[in-house]
Structure formats: C-alpha cells, structure tokens
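In the two assemblies presented below, chain A is common to both, partnered first by chain B and then by chain C.
On to the complex of A and B.
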C-alpha cells in the first residue's frame, strides 16, 4: 500500500524533531530516509510504525488514516536497529511470534516461519537461540520475523549499522532482491548515502526535522537543490557564480558554459570532484590549478588544488606537489543550488 | 644500541614465581596468601557463628526436655513425632497446620509484593532523575525504621478511631468501634509493607536496565498486554525478580514479630511457635526440631529455584 504523511510535527520538550513533514511513498517502492544523526529520520519512521505518536498531522496507509492507531493494530512491521530479537525464544519462535500473536494456528505459523527462514537463507537454524548466531544472521532473522507477517509496509531502522563493511554490501544486495521479489513497500532509514543509493528507488534527504529534498535517487544525487543536500551527498566543490547569460556563468575560475538554465543573478554552483577531469588537451581546459596535496585511493586519486577545488582522477600516474594541471568541467556537471 | 636495549629487560625479567596481577608484578605465593587472608575472616565468621550453631541445633533436636526446661541428652525422635502431630492425646494436625499456614503466608506475601512491585518499578524508572531520588528515598525510609516501631505504627493506623476503620465501619464491613487488628488483613499489611522494598528495589534495577526495543518489537508484532509482559518484560526482569523473591520468601517463612503483633494469638506461624519454644515454653529440643523444619523448607525452595535456573542455562 502507498503511504502518505501530511504535515507531521513531533517535538520532545523544546526540541522539534519533525516540522511539518510531507512524504509520499508509492506501493512496491523501496524508499529511503537519509540524513545525518538528529535529523528526525528515525522519529519519522517510528511515527509511521506507531511507536511514537505525531503531535499533529496525518499518516495515511492505503487511503486509511492510521495516525492514532497503536503499533499492534497497524499492518506495518519493523526491523529494529538492535534487531530486538527475543533472547529466550528460538529463531523459529521469534519468526512466528507475530503470527502467533494474531492467533494464527501454530502449525500454520511454523510452516510460514520455515518459509521465511528459507527466504533469508537460514534453513536449518530454526532451533538456535539468537545469542548463538552472528550479527549478520541475527539481522536476517529480524528481517524474516518482520516479513513473516506479510506487512503492507516494512520499515527498516538502520538495519545494517551493526554489520561490517563487506557484509553490509552483501546484505544490501540481498535486501534489494527480496524487496523486488516480494513487491512490497519498504522504507529504510540510514545515514549512509552509499547504502541509500544502492538499495532504493527513491529517497528523501532530511535536515533538522524537515525533508530537504525528495525524489528519484539518481535525480537527488545528480541534481541536489540545496547546499545541505549537496554537501551531505559529498559534492565537495562549492563555487560562487554570477549569471552572464541563460546558460553561462562567471566564476573566479573563468566563464563557464552550463547545461542547466541559470535561475539567479548571483548564487552558488557545485561540481562533483569525480565529474571533473584532468586533461592534457588545452582546448578542453576550463581552468588551471596547481596540485597542493594528492591522496592515493586505490582505483582513483584525489587532488586538492591550490585554488580550493577538489578533483578526482584516474590513478594512472602520481602527481607531484606544485604541478600545474588543466581541468575540464563538463557543462552538464555544473549544478545550480537554490540557496 | 639494540643489544643494550635488549639486555636490560633480560636481566630484570622475573622468574616463573612472579605473575602480573592487574598490571602489578606480584609473587604468586604472595598473591595466594593475600587471597586466603581476605577470604578467611568471613569464612571463619560463618563457620563459628553459623555452621556450629546449626550443628548444635541439629544435635539438640534429638534431645528431650527435662522437667524444669533443661536439655536432657537422651537420643529420641519424640520431637519429630510431635511435630508430625503425634502428641499425648493422639494425633492432631495443629503443628502441621502451622507449618502449612507459614508457607501460605510467605507465598501470598511474596506474590502480593511482586504484583505491587512491577507497577512501582516502572513508576520509579519513568520519573525524571531529580524526583526519582525522592521516590527512592521514600521507598527506603521503612528500611531505616525499626521493625517494632513500624508495626506499632500500624497499630495506630488500624485503630478504631482512625479513618480506615471508620470508613469500613461506615460501609458496614466491620462493627463500629473495633480495630482492624488482630486480623489476617493486618498481618498481610504488615508483611507486605515489611518486604515490599526487598522486591521493589531489585526489580527497579532490572527495569532500569531493560531494553525497551524488545517491548516495541513485541508491540510491533501485534502483541497484547499479557504477551508483551510475558515475552518482552518478564525474561528481562527475571534476574531482579528472582533476587526479590528469594529475599522475601525465605525470611517471610520465619517471620514472627509481625504476625505476633498484628495477627494476635490466633495467627500462629512457625516463627511464633519456635520463638515460644525457646521462650515461654522452655522446650529447646522441640524448638530446635521446628527450626530444622523451617531451614529444610527454605533451603529446598532455594535449591529448587537454583536447579531451575541451571536447567534453563543448559537449555
């Protein structure tokens, strides 16, 4: 089912965690709430789960208002950050917990739970206790436990924060595959932009209780609208610019042609370091700079130039300090910011 | 250079009789001597003042009472027979009833304390830090008050001209002008107010450390109130609860001051009976036999709960 959130506010004492948040998640979509810690993303998820009540506003699931419904009456299940598995129950009992709560016959619940174990590739682990399993396995049990209830909406609260980097990538892929197979609506909270980009169809970047930008992951990544979003998605280079013509701006690095229309007389543009390239062709040179620091990152290297810009380039050869490089700025890589 | 650096620690390297104890270099012998000297005072104390008296009790229980209340060392099991109800005038269930009543009082007191302590523990945990200290102090004040004084305070509170008795008389539950003691009700009031902190405090510490995500998970998985308690709260608070139950059940079984004062002569418990034997009746051997029964009861209860825990751990 689709989820709509209208003007939801929530405050704890003087702290406003959510300020008139609007959200729309389509059916069958993998949606991610992305933001730094304290931006209200987890609070929003908890409001949707029914673990927290909104002070005002409305939450609608499939056309039905669920704003004031308690968690145990919502067709929504959550994968908790700490997994919150019941330590005194076996894996199978954990997974069938929700089904038993809803008075589904035990035999039927066990069959369903085994099916779920299969789905998360843990068949044969049913009789173990959670403390006999690794972090990654526990995470799968938590996922299976939530999915066993066939929720209309699955919520994931930083589900991979306790996993190490390598395992995280694997789980991301699996999570995406499971979501696509089940065609369910998933909403995930994370502070890791890489994770958000990998798994989701659409995402909302949040900042101090507000949705800063929402849209298709590619769109948000390629065309951030504000300094906050651009910075959070690591664009690095912020350049003051003036409008010269419709598709032409003037910066301290010279006059640049740009693809996007220029919306202001004076403002800021941003360019991702990976979209800039070092060139030996003087015709393609947009500006020149001297290398101040170069960092080797394996498959690429980062150059910090003396003019304050940052360039990512292939690791074909090392750059010496003080070496002059010619940098090409592609027209379409320049993004206009609205603030 | 390197040789010099290497040589110095090599010379000073301690032999095998040394060990590192929390970062300090200590001789193994000294360490074990120190450990022994730390342990032995307490060990000696309990040997002299607990084990030996218990053995004496055991020995005395097989003696019999002389005509003037002295102990006569003739081996007999008359005390055990008497306990089981075989007296001079045939069999009577009186003594066994007293034992049974003691068990009931202890179990009911513990149950009431547990039922009252859960809401209390959650209430305490949900208080902001500042007022929590005040509430905890209020809970602890009875601890700092003498038991006899506390029980006399209940005399006052339950007296005929006090609001509670007046209210009950007004409703018609009791005759006007009568006190609420001695009665079963008064005994339980006294017992619960005596033992409540013993359950409430360990439970409070357990609830304070509780992981609320489990409660949320249970809610999220469509649980009602009982299921949330059974699977999210009870397993997490079990350590505190079992400490509380042990601290209440064992002493409550042998309690005699409270039932004596608030229950009157009709409310005889094993504690009162023992006290009577060592006091007015001057029948130490029978008192010793009764004490052994009490010890056996409490120890078997403890063993049972311990075995239950061990089994759970194995599984």
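On to the complex of A and C.
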C-alpha cells in the first residue's frame, strides 16, 4: 500500500525531532530515508510503525488514516536496528510470533514460518535460539519475522549497521531481490549513502527534522538542490559562482558553460570529483591546477589540487607533486545549488 | 617484590575469611558437642538435633518463620515486580523518576529499628480507627512485605534495564496485545530477575529480627525471636543446632540464587 505522511510534527521536550514532514511512498517501492544521526529519520520511521505517536499531522496507509492507531493494529512490520529478537524463544517461535498474535492456527503459522526460513536461506535453523546464531543470521531471522506477516509496509531501521562491510553488500543485494520478488513497499532508514543508492528506488534526504530533498535516487544523487544534500552525498567541490548568461557562469577558475539554466545572480555550484577529468587536450581544458596530493585508490586516483578542487582520474600513471594538470569540466556535471 | 606482595594479599584474605567463619564454625562445632555446659569437648553427638526436632516450641517457631517468609515473599515478589514494571515502563518525567527512585531506595537504607517503630505506630493508628491489625502474623507479614518490596523492585528493575525496550516494541509491532506482551515476552525474560528478587526477599524475611520483634504478637514467635528469648536463659546446644540448620539453609539459598542468576544472566547478550 502507499504511504502518505502529512505535516507530521514530533517533539521531545524542547527538541523538535520532526518539523512538518511530508512524505509520499508509492506502492511496491523501495524507499529510503537517508540522513545523518539525529536528523529525525528513525523518529519518522517509528511514527509510521506506531511506536511513537505524532504530535500533529497525519499518517495515511492505503488511503486509511492510521495516525492514532497503536503499533499492534497497523499492517506494518519493522526490522529493528538491534533486531530485537526474543532471546527466550526459538527461531521458529520468533518468526511465528506475529502470526500467532493474530490468532492464526499454530500448525499453519509453523508452516508459514518454515517458508520464511527458506526465503532467507536459513532452513534447518528453526530450533536454535537467537544467541546461537551469528549477526548475519540474526539479521535474516529479524527480516523473516517481519515478512512472515505479509505486511503492507515493511520498515527497516538501519538493518545492516551491525554487519561487517562484506556481508553488508551481500545483504543489500538480497534485500533488493526479496523486495522485488514480493513486490511489497519497503521503507529503510540509513545513514549510509551507498546503501541507500544500492537498494532503493527513491529516497528522501533528511536534515534536522525536515525532508531536505526527495526523489528518484539518481536524480537526488546527480542533482542535489542544497548545500546540505550535496555535502551529505559527498560532491566535494563547492564553487562560488556568478551568472554571466543563461547557461554561463563566472568562477575563480574561469568562465564555464553549463547545461542547467542559472537560477540566481550569485550562488554556489557543485561538481563531483568523478565527473571531472584530467585531459591533455588544451581545447578541452576548463581550468589548470597543480597537484598538491595524489591518493592511489586502485582503479582510480584522487588528486587534490592547489586551487582547492578535487579530481578523480584514471590510474594510468602517477602524478608528481607540483605537476600542472589540465582539467575538463563537462557542462552537464555542474549542479546549481539553491542556497 | 610482586611475589611477596601477592603472598601478603593472599594471607590477608585468608585471614579475613577465617575471621568471618570462625564464629560460625564454632557454633556448628558446639552443636555436635555432647558436653552441655562449658567449652570442653565431650564427644560427638546428634542428640541436640534430635532434641531440637522434638521441641514443640522450636517447631512452632520454625513453622511461623517459614509461613511468614513464604507468604511475605509471594506478596512482595508480585508487588515488587509490578512496581518495577510500572516505574520503568511508564513515561515518567525525568524529575519525577528521580524522586521515585529515591523513594524506592529509601526503605533499603532506612535503619531497621526506625522502620520497625514506624510500622508499630502505623499499625496502632490503624488499629485505633478500624480495630484491625492486632499484632500477630498478619501484621508481621505486612511489615516484612513493606521492606521486601524495595529489594525485589530494585533487582527486577535491573533486569528490566538489561532487557531494554526493543523486544517489547518488537512484540507490539508483531500484533501482540498487552496481555501477550506481558506473559509471552516480559515475564519470561524477567524470570531470572524475579527469582533472584524473591530469593533475596525470602532470605531477608528468614533472618529478620528487628521488624519481627516489633510487630509480632504473642503467638507468632519466629526462630530469630525464639533464639533471642532463649538466650536470656543461657545458650543451650539446642540453639547451636538450630542456628547451624538455619545457616546451612541460608547458604543453600544463596548458592541457588547465584546459580540461577549466573545461568540466566548471560542469555541476553
């Protein structure tokens, strides 16, 4: 079902965790709430789950207002950051817990729970207790426990934060595959932009209780609208600029042609290091700079120039300190920021 | 240097333990001494134990002690657990929580004698207006429960803090109602804490003297009260035997409590 959040506010004492948050998540979509810690993303997730009640505003699921419904009456399930498995119950009992809460006959619940174990590739682990399993396995149990109820909406609160880097990538792929197979609506909270980009269709970047930007992951990544979003998505190069013409700006690095229309007289543009390239063709040279530091990263290398900009380039040859390089800035790579 | 130091520490701790246990060992030894008076060893005997078990006054006192301990423990365990859950789970303001915390700790640190006098005054006030609470077993049970509750609640609350809110939230998220969360999640997870609290309450009741002394009626003598009154007529080996048995019982309880908390304590992590 689709989820709509209208003007939701939530405060803890003097701290405003959510300020008039608006959100729209389509049916069958993998949506991610991305933001630094303390931005209110987890609070928003808990408001949707019913674990916190909004101070004001409205939460609608599939056209029905659920703002004041308690957690146990919402067709929504959560994968908790700590997994929150019941330590005194077996894996199978954990997974069937929700089904039995809803008075589904035990035999049926067990069959369904076993199906779920299969789905997360843990068949044969049903009789174990959570503390006899590894972190990755527990994470799968938490997922299976939530999915067993066939929720209209699955919420995932930093589901991979406790996993090591290698396992995290694997789980990301699996999670994406499961979501596409089940065609359910998933909403995930994370502070890891890679994770957000990897698994989601759309995302919202949050900053101190507000949604800073929402949209398709590619769109948000390629066209951040504000300094905060650009910085959080690590565009690295921020450049003060002045408008010369509709598609032309003046910076301290010279005059640049840009694809996007220039919306202001004076403002900031940003451009990703990986979109810049070192060129030997003086016709393609947008500006010149001297290499201050170069970092070898395997398939690419990072150059820190004396003019303060960062460039990522291929690892074909090492660059010496002080070497002058010509840098090409493609027109379409320059992003206008609105603040 | 280090070696000498650690020998010193070992010697000291052995010394301390000897100081701790010599009096208790003496009592245990005298309970087997055939010589009724004096400190001379007159041979090994179980006579005092046999006599003790045939002494109706002692048996009655033992029964009273057990009844008092069991009933007060049951009541205080239920009440203390409820108190702990209420205190920890209700969204109190920080300030209120601090005050409640102090109120909970107060009975633990209040001197027994003050607590006992307060109870006597409270009972007589109630008696004055309602005619209830003639001193005796019921008043003793109430007295014991009032000081046991704090201990139970503190132990249970420690366990609650260890469990955290997550699992409960997960249970609500999985469509469980309050009843199901309480009986299927919270109480099973709290069990080690509740058991530890109950055993603590039980041992506290078993050897309580001051509060029993003030709230007892003529027919509700407990073992500690009996021993105290018997001492006035001189220490008999029967009392040694009785003390030894109480001592062993306490040790068994403490061991059981330790084993229980050790077995279930690590489960959460």
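Operating definition for what follows: the second predicted complex is superposed on the first by the 339 of 339 C-alpha atoms of A that agree within 3 Å, B and C clash if a C-alpha of one lies under 4 Å from a C-alpha of the other, contacts with A are read in each partner's own complex, and residues count from 1 in each chain.
We take it that contacts are C-beta pairs under 8 Å (C-beta built on N, C-alpha and C of every residue); 3 or more make two chains touch, one makes a residue touch a chain.
None of the values given here were measured: they were computed from a predicted structure.
Taken together through their common chain A, the two structures put chain B and chain C in a clash. Contact with both chain B and chain C is seen for A:86 once the two complexes are overlaid on the shared chain. Within the superposed three-chain model, A:131 lies in touch with chain C and out of touch with chain B [touch as defined at top].
Using the contact criterion defined above for the overlaid structures, shared-chain residue A:317 touches neither chain B nor chain C, since it reaches no partner. When both complexes are overlaid on chain A, the residue A:181 reaches neither chain B nor chain C. Of the two partner chains, neither chain B nor chain C is touched by A:166. Touched by chain B in one complex and by chain C in the other are residues 49-51, 70-73, 76-78, 80, 82, 84-88, 97-98, 101-102, 145-146, 149 of chain A. Chain A meets chain B in the complex at residues 49-51, 70-73, 76-78, 80-82, 84-89, 97-98, 101-102, 145-146, 149. Interface of chain B with chain A (complex): residues 211, 213-214, 216-224, 227, 231-232, 235. If you check the complex, the residues on chain C that touch chain A are 164, 166-167, 169-177, 180, 184-185, 188-189, 267-269. Contact residues on chain A toward chain C in their complex (touch as defined above): 49-51, 70-73, 76-78, 80, 82, 84-88, 97-98, 101-102, 131, 145-146, 149.
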